[in-house]
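Look at the two complexes coming up: chain A is in both, with chain B in one and chain C in the other.
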Partner chain A sequence: MADILRGRARSRQGLFVGWIRALTPANSWPALAGLLVFAAMLALQQLIEPGTQRLLTSVFLFVALAQAWNIIGGYTGYASFGQVAFFGLGAYTVAVLMNNYHVSFWAALPLAVLVGVVFAVAIGLPLLRLRGHYFAIATLGAAEGAREVINNLTSVTGGGGGITIPTFGSDAPTPYFGKPGFYLAFLVLAAVSVVVAAVLARSRFGYAMVAVHEDEDAAGAVGINTTVVKVVAFGVSAAIVACAGAFYAFQQIEFYPTDVFDASFTVLMVIMVMIGGSGSVVGPLAGAVGLQLLSQFLRVNLGNFNQLIFGAIIVLVVVFFPQGVVTYLRDAWRTRHFSILDNVRRYRL
Partner chain B sequence: MIAPSEVPSVPVLEVRHLAKRFGGLWALRDVSFSVSEGEILGVIGPNGAGKSTLVNLITGHARPTTGQVLIGGQDVTGQRPWVIAHDRVARTFQIVKPFRGLTVRENVAIGAMHGNERDRSVRDSLATADELLDLVGIAKHANAAPMQLSVADARRLELAKALATRPRLLLIDEVMAGLRHHEIESAVELIHRLRDAGITVVAVEHVMKAIVSVSDRILVLHHGSILTLGSPREVLSDPRVIEAYLGHRYVKRRSE
Partner chain C sequence: MSQFLQAAAYGVVQGGLLGLVAVGFSLVWGVMNVVNFSHGALAVTGAYVAWVLNVRFGLDPFLAIPVVAIALFAFGYVVQRGLINLVINAPIFLTLLLTFGLNLVILNGLQLLFKADDRTIDTSYASQSFAIGAVNVPYGRLAACFLALGITVALALLMSRTRLGHAIGATGMDRGAARLMGIRARHIYAVTFGIAAALAGVAGTMIATVGSFNPTTTPGQLTLDAFVISVLGGLGNMYGALVGGLVLGIAESLGGLLLTGTWVNAIAMAVLIVTLIIRPSGLIGKALYSGRVEV
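Then we have the complex of A and B:
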């Protein structure tokens, strides 16, 4: 008894043993499932036409963005409405380096991620002291500010006239990947973001994020440095988003500040996480895949009314599954209680 | 029990001229005392006396207006809560603060992951949590959601969360309020066991009987100031305490 109170050093190989144990069959089925899906997506590329490839490429992009938003907005509980700033900064870092300085894409990519992380830390240190709506509005403002800076640095970024990445001929520092190349690039990006989120969620840091989300005073009392947890979570999220922005820029070749700083990217990240269910890895994944496929389906089949129907479906899902569809299904399965009406009552009283 | 004359050179906790103002209200003023290793200090006082404010100032959950807090002789005034926690000071909250989205076991494991002498893996932390849940007597609720616990069990969870950080000094803010008789007895027994394991305890309590039986010394706060500080017997027989804090009802009850 006294032993447990005084604390005892557990064996040094504890970490390693724990890691091996974590790979036992009971824990490894999500990893196996993920690997299977990844392999299936790789194989699928050979079977589908370019239009479908383009659609799936955008699905992969949003899987990465939703996972990134979930790290800061879901697990840590800080709903950022400025994530597109990291997307735009990633895109412009790559474009400026490739266009103005003839840096190769692969050399520009880590710098794009770095710029995103540095900006996240710079705005995170002051803004992550704010909570709730104040944080949301402040991050929204920071993203608008970032866009305006890019817009006005005409000599470097081309300003509102846009920027073009040299991708063809002897001028191109890196040859254009082509449609199949971007399918693979965004698939890998999505896979990496899912793995990062899954590993974080099961780590001590993951528990710290949840604790910060629940109650910062209580988190501090058990030794969690809440400032570090919030800034690191924001930084990891920004790194993924900036990386996505960099690939997106190379894919677009030519774009304007209004394209890559478009606030609807942020809005979609938020909606996808909310619809799927925040604070889990599967929720944002399902939200991103589901919404992106649905949006495309409606666009093809409903013509002019597709946006209206899309919005209506989102509203209905939010009304009936306020906690997110995946979270609802998980809880319903655990409690064997599937009534949707009861679900609405539980969350809307 | 350690009498004041045998006090080791450096007290675990020392508070010097501590004061806290909220707007126009002095929640605490000029409070000085020290707690030596292995001691159990009871803190009592009527509602709004400043007991929770005192705990908050010590653990960094509020900043003192003036005065100092020393842990093991080190000035930690104004440090953030996690710095204090890593100085091996743990606390419970009067209004319990469980991490609602996690299981009872995970709630406790977080302290073992991020406190002192922390476990190297999530798995080890969960094992530590199970042992502590057993110690405070809620092992059977390990997989429950904290919101499903009774008032008494939620307080025990609060205690287990704090213990998981391996403290040398534990500040408990009213873990016995609202408990039934036998629950109070087991809480008192637990506090004695903590002390036997080498943990110094500062216990804020409303339950008079419990605090008297558990404490080596008792500090009485009133309107933010120290009314008196002494052995349970001295404090109970102090007419100012009887008058100001306990009131006539207690006097009557004692004579019954």
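Then we have the complex of A and C:
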């Protein structure tokens, strides 16, 4: 296990020293660009009004969720339709601990992540044996089931009546962050998820995930413990999603099981990854930013028609860029071949 | 005891109806490997067609069924031929994404046309019932259940006895070989999706007659039910959806009697997951499509 995670930096200096030594201008520019974007986002916060801050906060949330889904769905090839279960469990862990037991948010956060990971391992061990649609539906069922359990444990979770986190006065275990605080929190969360995805993708473990995706039997035959790879990938993904759910819960203050177990969260994660381009770090990032900005723009400007247009855009993107927009642009740039018609022909019957 | 029998009877008639919702979904999934997210939306579209015919022309919903079926078949044929066929060779989740987008377009289109209100098709007989002992059986639901049975049997006969059915089955098993035998796969896929859409429309009409529907919550619930039933019953067998529907219908109505709150939904999901783990080919499904070759 440790051997898989150690990655390519198997030098005597250990993980990070080896990495830093291996950096050259050619391979370190994505990291520098990422740092620049992060710094720019920090600076931008001082310039924008609260409404825009709120919009960008939701963009950061979806960047983290899309990166998390990409680890299990994009790299490992197991399209989970139940990721929202970890979101909801993270949210409810924080809310229950803060509301019922007056635990501070910072103490509840790691527990929320732990609950998400434990649930992921518990359902992952049996369900990750299923492939294709069957895995998707089993995880969808697991998420629906988790929601119903939370919904019916009324004495602990408040059931369908919802739950409220105390945020003001002496009653509050942790003071409310406010809009600027949550902007920062979700920005850091998005950055951490991008870094986790990028580091994983370039590690030995990342290659193992791709190998499982490409051909699981062959991956097993060359000595990859596919069960460990799949469960760990599922667990890492769940940890990010649960963490996002914990912050989301605190941000919302009051919410219902139907809010934080809403299957449309899962669907949006999948769509953002697919439209951006799965199996890369930039794809989900671009997909999340683009789609969230687009959907909010449509909501503001088109009123009742916004969902109709949103659906039509998804259909058109799937038909014209079936491999994802970022993947298309990258391949087109490399091969100097920009024909969109060939793109449409690719998967045609 | 009578309460128990009543719940069982209700479960059976409800299950037949749910089976009719799922049979088209299962067909498309089995033959084309497409999980159709817009299936519930197609059912509700059929319900609206029948509702408009009923409100404008006073047409009885059972008489409206042929019109609904033809309209939805045409719609389904065009959607498959012009849209889904374009990405049919893509990784499975792309088709899912496409039907999700389609689902949004249909639902919001319906909502703009008809508002988000709950609708129902009123008939003089749907709410009346007759009694066997202490058990009340509503006419509308019974008729819908028999219709579901009849259509499922007809579909099974179509698949096993006609050239069209054989062509659909062959294309589902090995598209490359089927095309070498002169089967036009594009057309066959479009016909398959058309049949599924027509069946969904008929099911939607029945749901509108025995209960109520709206464009916001009904489609998602129907698609999820179709999911569960298809997995329970297994793909590649026309009677699978019917069996799955009956199991789900009876389990839900008996569960509703015995359990408080919405625990019954949690139980249904647990049953689904356990079925998937123990017997992924479904209760009566066989691994007909497991040796599928995609060319």
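Definition applied: the second predicted complex is superposed on the first by the 327 of 349 C-alpha atoms of A that agree within 3 Å, B and C clash if a C-alpha of one lies under 4 Å from a C-alpha of the other, contacts with A are read in each partner's own complex, and residues count from 1 in each chain.
As a convention for this text, contacts are C-beta pairs under 8 Å (C-beta built on N, C-alpha and C of every residue); 3 or more make two chains touch, one makes a residue touch a chain.
On a predicted model such as this, the values are computed, not experimentally measured, just so you know.
Undergrad: In the overlaid three-chain picture, which partner chain does A:Gly279 touch, first (chain B) or second (chain C), both, or neither?
TA: A:Gly279 sits against chain B, while chain C stays out of touch.
Undergrad: Tell me the contact category for A:Glu214 with respect to chain B and chain C: first, second, both or neither.
TA: A:Glu214 sits against chain B, while chain C stays out of touch.
Undergrad: Just to be sure I read the superposition right, which of the two partners does A:Asn225 touch: chain B = first, chain C = second, or both, or neither?
TA: It touches chain B, and chain C stays clear.
Undergrad: In the superposed arrangement, does A:Leu200 touch chain B (first), chain C (second), both or neither?
TA: In the superposition, A:Leu200 contacts neither chain B nor chain C.
Undergrad: Could you say whether A:Val325 touches chain B, chain C, both of them, or neither, answering first, second, both or neither?
TA: Neither partner.
Undergrad: Touching A:Gln307, do we find chain B (first), chain C (second), both, or neither?
TA: second
Undergrad: Quick one: classify A:Met98 as touching chain B (first), chain C (second), both or neither.
TA: neither
Undergrad: Which residues would you name on chain A as touching chain B in one complex and chain C in the other?
TA: On chain A, no residue contacts both chain B in one structure and chain C in the other.
Undergrad: Within their complex, state which residues of chain B touch chain A.
TA: Touch residues, chain B against chain A: 59-61, 80-82, 85-86, 90-91, 93, 97-102, 106, 109-111, 113-125, 128, 131-132, 135, 161-166, 193-194, 196-199.
Undergrad: Which stretch or stretches of chain A touch chain C in the complex?
TA: Going through chain A, the ones touching chain C are 73, 79, 126-127, 129-130, 132-134, 136-138, 140-142, 144-145, 148-149, 151-152, 154, 159, 267, 270-271, 274-275, 304-305, 307-308, 310-315, 318-319, 322, 344, 346-349.
Undergrad: Under the touch definition given earlier, write down the residues of chain A that touch chain B in their complex.
TA: Where chain A meets chain B, its residues are 1-2, 4-10, 14-15, 18-19, 21-22, 202-204, 207-208, 210-211, 213-215, 217-227, 279.
Undergrad: For chain C, which residues are in contact with chain A within the complex?
TA: Interface residues on the chain C side: 29, 33, 35, 83, 85-90, 92-94, 96-98, 100-105, 107-109, 111-112, 185-186, 189, 224, 227-228, 231, 260-263, 265-266, 269-270, 272-273, 276-277, 280.
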